[in-house]
Amino acid sequence: MTKLIVKTSKKAGLSPGSLVHIGEKRLEKIRISLADFDESHLTEMPVESPEAMLPFLPEPSVTWMNICGVHDTRIIEDLEKQFQIHPLTLEDIVNTAQRPKVESYDHYLFVVLKTFRYDSRSNEVASEQISLILGENYLITFQETASDIFANVVDRLRKGTRIRKRGADYLTYALIDAVVDSYFAVLEALGEKIETLEEELLESPGSGVMEQIHKLKRNMIFLRKQIWPIREILGFLTKEDSHLIQDSTVLYFRDVHDHTIQLIDTIESFRDILSGMLDVYLSTISNKMNEVMKVLTIIATIFIPITFFAGVYGMNFRFMPELDWKWGYPAFWLLVALVTYLLITYFRKKNWL
Amino acid sequence: MTKLIVKTSKKAGLSPGSLVHIGEKRLEKIRISLADFDESHLTEMPVESPEAMLPFLPEPSVTWMNICGVHDTRIIEDLEKQFQIHPLTLEDIVNTAQRPKVESYDHYLFVVLKTFRYDSRSNEVASEQISLILGENYLITFQETASDIFANVVDRLRKGTRIRKRGADYLTYALIDAVVDSYFAVLEALGEKIETLEEELLESPGSGVMEQIHKLKRNMIFLRKQIWPIREILGFLTKEDSHLIQDSTVLYFRDVHDHTIQLIDTIESFRDILSGMLDVYLSTISNKMNEVMKVLTIIATIFIPITFFAGVYGMNFRFMPELDWKWGYPAFWLLVALVTYLLITYFRKKNWL
Amino acid sequence: MTKLIVKTSKKAGLSPGSLVHIGEKRLEKIRISLADFDESHLTEMPVESPEAMLPFLPEPSVTWMNICGVHDTRIIEDLEKQFQIHPLTLEDIVNTAQRPKVESYDHYLFVVLKTFRYDSRSNEVASEQISLILGENYLITFQETASDIFANVVDRLRKGTRIRKRGADYLTYALIDAVVDSYFAVLEALGEKIETLEEELLESPGSGVMEQIHKLKRNMIFLRKQIWPIREILGFLTKEDSHLIQDSTVLYFRDVHDHTIQLIDTIESFRDILSGMLDVYLSTISNKMNEVMKVLTIIATIFIPITFFAGVYGMNFRFMPELDWKWGYPAFWLLVALVTYLLITYFRKKNWL
Amino acid sequence: MTKLIVKTSKKAGLSPGSLVHIGEKRLEKIRISLADFDESHLTEMPVESPEAMLPFLPEPSVTWMNICGVHDTRIIEDLEKQFQIHPLTLEDIVNTAQRPKVESYDHYLFVVLKTFRYDSRSNEVASEQISLILGENYLITFQETASDIFANVVDRLRKGTRIRKRGADYLTYALIDAVVDSYFAVLEALGEKIETLEEELLESPGSGVMEQIHKLKRNMIFLRKQIWPIREILGFLTKEDSHLIQDSTVLYFRDVHDHTIQLIDTIESFRDILSGMLDVYLSTISNKMNEVMKVLTIIATIFIPITFFAGVYGMNFRFMPELDWKWGYPAFWLLVALVTYLLITYFRKKNWL
Amino acid sequence: MTKLIVKTSKKAGLSPGSLVHIGEKRLEKIRISLADFDESHLTEMPVESPEAMLPFLPEPSVTWMNICGVHDTRIIEDLEKQFQIHPLTLEDIVNTAQRPKVESYDHYLFVVLKTFRYDSRSNEVASEQISLILGENYLITFQETASDIFANVVDRLRKGTRIRKRGADYLTYALIDAVVDSYFAVLEALGEKIETLEEELLESPGSGVMEQIHKLKRNMIFLRKQIWPIREILGFLTKEDSHLIQDSTVLYFRDVHDHTIQLIDTIESFRDILSGMLDVYLSTISNKMNEVMKVLTIIATIFIPITFFAGVYGMNFRFMPELDWKWGYPAFWLLVALVTYLLITYFRKKNWL
């Protein structure tokens, strides 16, 4: 089931800035790629360590280093001295249970985001953490694994569109936009699941429906918990008066901010609908029970009295005049027919039939 | 069922300002109409492309271009250069899954609204997007299809009432007012549906009631999600200190703002009532079950004991003195009558009869 | 049932300021009364049209015109020119579906209020609209029908108490206070209804209880929707820095503001109690069902086994030794007694008896 | 049951400042006591009328007048002229249905509080109103009846502790603190009631549990409605920049403010727990019903088939070979044993036994 | 069960600053330890009374006194004179029912926190109070018992890491961080309990599940009540402009603030999930009941009619032609088979089998 809490207690009591990787254990080697670009050129290369970025920093061109994998804390540690990154920032980068947030330091902005992957078969949402450090003319991004979430942006860089003409702040926007756009796909998949379930519910709810609804609710709780702070982050970025973000880029952040509001709205709507589905489900169970009870009651109510009469004429009293009547037996069936008729009329009146 | 989420994921990862039409696929040709007016004249004409508006712009008269259809993105693209519209604005115009919003740019105001159509038979609400660009002395409106939502305003223009004496801001107000007024009709239809359902519920709820309540709740969720931002838009317009909106027009926006508050209030009331109806429905089911159970219990409780007695006197023991009594059989019926009488008295006392 | 939405759609698309009477159709003639007073005199007279007030305006004495009936829009229209009332104000006066509000114009304050009438027999709340225009030294009030809501204030005017020494703002306060005070009577009647229902509920809830609770909830939804904005109005009046309201009168508005807060608190409490009553009702139904089921189960569980034994000894097998025993029949009754005793002991242990 | 609304409608329409006593009718004579103190002396005396306080006012020592009983409005009326108390203040003092509040007038502060008495036997909360007027060097308090709520403070005055060294503002604090402290005792008693009920609920809920829960919820609604405004009052007193309250006393008001926050937190927690208890109760009823149904089903399902077989061999067909078999009767019992065994195995598998 | 309210009423009416220990009664001797350190040295020693700290205060090095046990109010009283601690502060230290809070006094900051211990067997949360007084170059901490919550920090002090280079404010941060980190462990344990219960619930809920859910909800209510104010405390510390906290330390407080937000988010998510689990549980009960009812109905509905037929042919009418038919008995079985077949077909169609 979607995990709502990640074990972070192994960090408890450690000195702040202690780099302890929190998250799934991974063994792959960390992969680092570097891109340096301006309007006229784009240099891409894989590098071995963050140090490789240092020669590019004095240049006015934008340098972007993407680090895939944060489980090797030694590589992360190096950043403290080389780029004057605050130890608390590094601690947050390797702690993948970090709440999404934005923090403004003297010479850089630090942003923590999440990406989501929804598996519609198991009905579970998994998340990975993405961190960004936006400095003067450079951007460092950290991913837990090498995913293709930034593929479109890389593509646009290669094609040399507008993105190449603008600064590291616009690149930051482009990457955050790519992340937020990916949430829509997750919500669409969840929305489809909900609509499928809704139709099943209104037609013939199986016994697994309740579990599905519960899991979907859980997913919504999880996503809301993660996306709310992202909305705050973008609200902050549209208002922040930082020299790292140009005025013309703020417009773009405002656009992503609108998207996060829309995401939250949609999540809230989904939650409301899931609550409604629960009510539908519970009333369906009650209705079914009613129907079962009606069948039982009708059968029992018809047969119990006539069985009694059959019992009466099965008694062995010596003196039972009816038994000797010629038309006694047909009269008995007449009685049965009469009782049945009256009861059925009664049920009709009660609208049970 | 009312759609709560529109697929927008095909846009994911694209450069901002990429014009991708999101919404129902349409093939009709885009229809553009142009109106230029001041107190003394009104010129109306259908035009082929937005360019036709350019000669009117330098004039002090108000020019209104209404574009029906946003699926042909080439026509929309032209606006960027001809009217200096920001690419993000154009992107929002063609993305009909856009959340209603207002955005203030240097030389124009951009507003996104929604219109609703309620089909009381299928109990579903559909929406279309309307965008407005209010510039100096001109207004451009975008509709998904050619609807008659603006018919009344056009009428008033032709009749030459107050609307002709005022500027593009007042025209904007008049159009937004027409849109918001149309919401009242939708809510009235929904209110009527609710009241009909409520009466049915208190009299004799059928099995489809639950589905109807669920759909109505869904509609309310949908409408609230859409109308909340419209309330914010109008709150913004009454406070905005823009040179594009005259002080005397702000009073009018305040009036529409009041209407949106009333709409939200009504939606919230409807939601509360629908919740109450659900409770009524569930208690009705329980009450019905109670009634069914009572009938079963009364019948079973009366007949089970007397059937036992009939069984007893149907036994074949050799020595059963009662069987040989002369009044044995009548005595049996007396016993039956007695048991029945006692049980009925008991049920009366319990208020089951 | 209490109406939650009033049809206003016939107004849709009309020019703002179009006077269309929204509300119950009425035919009575509009009645207008005029009062002019200061500390030393009070002149009261019925008048034919609002014009009659004009000669009084230049005087420093306070002039109050009370117009009963807003369905004759021609009379209302005249106010525009004679008193420079904004068309939007007049539109709101004749639209009795207006949300309560206060609006500040250049030379007058406009307030819309509601009065309520609770019919405890049908358990419904009806409302009427009251509008006030407070200008320099004059006050115009509009009622839908001639009610006695202002009777006490008129009385105090005639008796020449403090009210005569003060201005039109204090008169406004006195009238609003009379309206808000009348809400307490409505809430008291509703509170009594709730307490009666609560007692019935805890003793022996009949089948109509659910409908009563639902109607009361509806009434609360309705009243909250109407009284919330009135609270805002009074909050506005205590803070408004208008030349039309003297500082010494603000204290009085603060007092009424406190009353509206108390009203809202009471409504919220009632809503909470009604929710609680619903829970009590549902648990009562369940408890009753439990009781019914227990009776059925006890009867069935005792008689079904012994009926089986009676059936056994009613079988016609040729070789059934028990049948020929001398004490077979008494032994059968012993068996029945034993089974019954054991089952009753079991039910006792289960606390079902 | 705890009264949620007090009849105040007899006041409706009266002139503001009309002194109408709202509350329980009382006949006792109003008792007034006076205390004048500074660090060096304490004079206590019973007085006949508020006038007796006038000679003490010019002195720098602190004068405290405690008036027990507000039903004799003539005594209260005198305060208007003698102490320049605003008529609205006096009106609020005698209206014991007043919402707790603080009001700042030119030369005095006016505070309305409530005290509560919880009767754990009837599970009801009753309240009385306490009003305070804090002026320059004097304090007037009003109670509905002569309670011992201020006994501790009087004691401290007599013992000559810190309280004698400080001003009327500190005395005000001490009295408010005594009132707020008394709320903790009420909440503790309610908390104990809740925990007792909770244990009963988890062990064997009787039929009165629902009513108890409902009453407790009602009490919480009542207390929250009354204590919320008291929290606001203390928030106001810690922020108010009045010459009547010294800076060093504000620290103490902050402390009481913290207590009121804690009270509200506790009330909210209790409400949440009561909601949870309701869920437990409802699920307990359902579980019991399930158990009853299982017993019925097991008994019926075992005996109904074997009773059928007994019925079959009680038939009188001329040609029924089994009846003549030598081992027919034992074979029947074998059949019965087999059916019973199979059904019991089935119930075991279903976990019903 | 987790205690939601602690008896504090014995304090009611006492003078503020009266030191009354509220909390579990304890007899152990109070243990006091002292540490004095700067970058170059660390002196640790157990001391007898707070006085022992006085000689260290004039030094620029940081002095930390940790007092384990607050039940001996005499020791606490001494602090008033020796360190000029306000009596209200001391009152709060010994009242362990204190709400977490921060208070800024002239020459010190006072913080009250809580630690939690979760016993997963009894499913209960217990809390202890921790108070901190941060003065110029010194820190005094108060614990209810000697726990190892600060062990890690002591360790870091001994190891001489960064913590020794910084001031008393950083030490305060380190201790608060240790406390807040310990909350994560509690929430993780609760989260595991919830997930275990959730799995049990979806597989086969036992009868104790409801009680477990209720206790977990109670724990969440308790934790939220306690951690909300801690969030406010840290919000205050990040904004407070006190000379006692250096700017470089504020960054660290911001980090703990983020953690408390994450804790609150997690608690809210857990509450939502527990609500969802309740719904799942209730629907499971209903489903089970449905299943039981179906079994009963199927058995009864099949056997009741055929038992009737057996009864019919057990009647003793003289003239019953069927009885004398040669194939009467086989025909009866045929009839039984037919009825059974038809009913089973009916149940199949209804999806009950």
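For reference, chains read A, B, C, D and E in written order, and residue numbers begin at 1 within each chain.
Here is the rule we use: a contact is a pair of C-beta atoms (placed from the backbone, for glycine too) under 8 Å apart; a residue touches a chain by one contact, two chains touch by 3 or more.
Everything quoted here is computed from the prediction, not taken from an experiment.
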Partner chains that chain B and chain C have in common: none
For chain A paired with chain B, centre-to-centre distance based on mean C-alpha positions, whole Å: 26
Approximate Å spacing (C-alpha centroids) for the pair chain B, chain E: 41
Sequence positions of chain C contacting 2 or more other chains: 282, 286, 289, 293, 296, 300, 304, 307, 311, 314-316, 320
Ring of chains, enumerated from chain C in the sense that reaches chain D first: C, D, E, A, B
Chain A - residues contacting chain E, complex: 1, 4-5, 7-9, 11-17, 86, 88, 99, 101, 103, 204, 207, 210-211, 214, 217-218, 221-222, 225, 278, 281-282, 285-286, 288-289, 291-293, 295-296, 299-300, 303-304, 306-307, 310-311, 313-316, 320, 322-326, 328-329, 332
Residues of chain C defined as touching chain D within the complex: 151-153, 156, 161-163, 173-174, 177-178, 181-182, 184-185, 187-188, 191, 195, 198, 202, 251-252, 254-255, 258, 261-262, 265-266, 268-270, 272-273, 276-277, 279-280, 282-284, 286-287, 289-290, 293-294, 296-297, 300-301, 304-305, 307-308, 311-312, 314-320, 351-352
